[in-house]
Amino acid sequence: MPVHHATFTIHTRSQGLHEITDQLEREVARSGVTSGVATVFCRHTSASLVIMENADPSARADLEAWLNRLVPERDPHFTHTLEGPDDMPSHIKTALTRTSETVPLKNGRLQLGTWQGVYLWEHRRAPHTREILLTVLGE
Amino acid sequence: MPVHHATFTIHTRSQGLHEITDQLEREVARSGVTSGVATVFCRHTSASLVIMENADPSARADLEAWLNRLVPERDPHFTHTLEGPDDMPSHIKTALTRTSETVPLKNGRLQLGTWQGVYLWEHRRAPHTREILLTVLGE
Amino acid sequence: MPVHHATFTIHTRSQGLHEITDQLEREVARSGVTSGVATVFCRHTSASLVIMENADPSARADLEAWLNRLVPERDPHFTHTLEGPDDMPSHIKTALTRTSETVPLKNGRLQLGTWQGVYLWEHRRAPHTREILLTVLGE
């Protein structure tokens, strides 16, 4: 059974959802694996993954604004504040969303639903360089 | 190494947790794979997965009611409101719970803990047709 | 393709994050699998997994305190209270974090980011015996 690894380096500009579905699909096609699973992994603790509606951008904007209200910056209880006011909220938001997702792969394609897109969620305000790993396993 | 795929179509009646453990176990047995992993994947962004206590229904009722209080409908900040007041909360609840879960498989059985059940969590109020994918990978 | 299973029994003393990265790495090395994925699975519904910053303990302390404020004990809405005031919050915290994580494995090592550690998160106050499963799949 073949194993195929790829690394995606993504330069984020600021906080927000960054769609990576097309990059993943292209790499899955390149892998030659037609049936199995694809694991997506985010190598960070202040950025995360989420599989979210990819049709209407207002759903993503509302999701992001809601999470910002749930985990506000400058919470007086925070002690981990040396790396800036958006750092501790970023760790909490990562814990509440996803670090890995495993998606079935059939007929050479990710079996996402019609409205599902895979997103890297940058939780920091400043630009960052992020690494997403894809491992394709199957036959 | 064999790869076995199955699709479960589930008709939900309303918001709530819908146990799918038995269906998954039966399909795992049918797959003939005795050692490996089983990936469960929910193809939606307004329904999700969770592995929760399957003994006392009051734990699931409290969990659902708590999440409804955390993410109330008709939040005046929401702009994505065209699909009804329960739509945007459904996307948020999906982001906070799970789209994929991977469960070890040994001796032909899912290695869930004694009190663990796998649940499809319908977040919409109206009946929906949901698709859950199972991919079994191993030997 | 080899499949390697291991069970880790962890005795927790009280609520909090318990790092298991080193144990996982040692078992991955023992498995002989050099390329593939490692699935970590928590067999409980009142303890969970999270991949969090492993450098500064203040980030983990703030994360834990924040989740305790989000899901306080003795919420008057709870009906599932027979197993103690910390039981229902434990189920909710499990639903909000992770039961399974799948980490890419390359050159015989977990491909975690520089600051990532894998943690068992005990949500109960009393000591518990917890089982974490590791399944390594690859070549």
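Note that the chains are named A, B and C in the order they appear, and that numbering of residues resets to 1 at the start of each chain.
The criterion applied here is as follows: a contact is a pair of C-beta atoms (placed from the backbone, for glycine too) under 8 Å apart; a residue touches a chain by one contact, two chains touch by 3 or more.
Just so we're on the same page, UniProt names per chain: A, B, C = Secondary thiamine-phosphate synthase.
This one's a predicted model, so the numbers in the text were calculated from it and none came from an experiment.
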item	value
Inter-copy rotation, chain A to chain C, in degrees (Cα atoms; steps of 5)	120
Copy pair chain A, chain B: interface residue numbering same or different (half cut)	different
Computed distance of Cα centres, chain B from chain A, in Å	20
Overlap residues in chain B, where contacts from two or more other chains coincide	1, 70, 96, 98, 102, 137
Residue numbers on chain C that touch chain B, as the complex places them	1, 3, 5, 39, 41, 43-46, 70-71, 75, 77-80, 88, 91-92, 94-96, 98-100, 102, 131, 133, 135, 137
Contact set on chain C toward chain A in their complex	1, 35-37, 50-53, 56, 58-59, 61-63, 65-67, 69-70, 96-98, 101-106, 111-116, 137-139
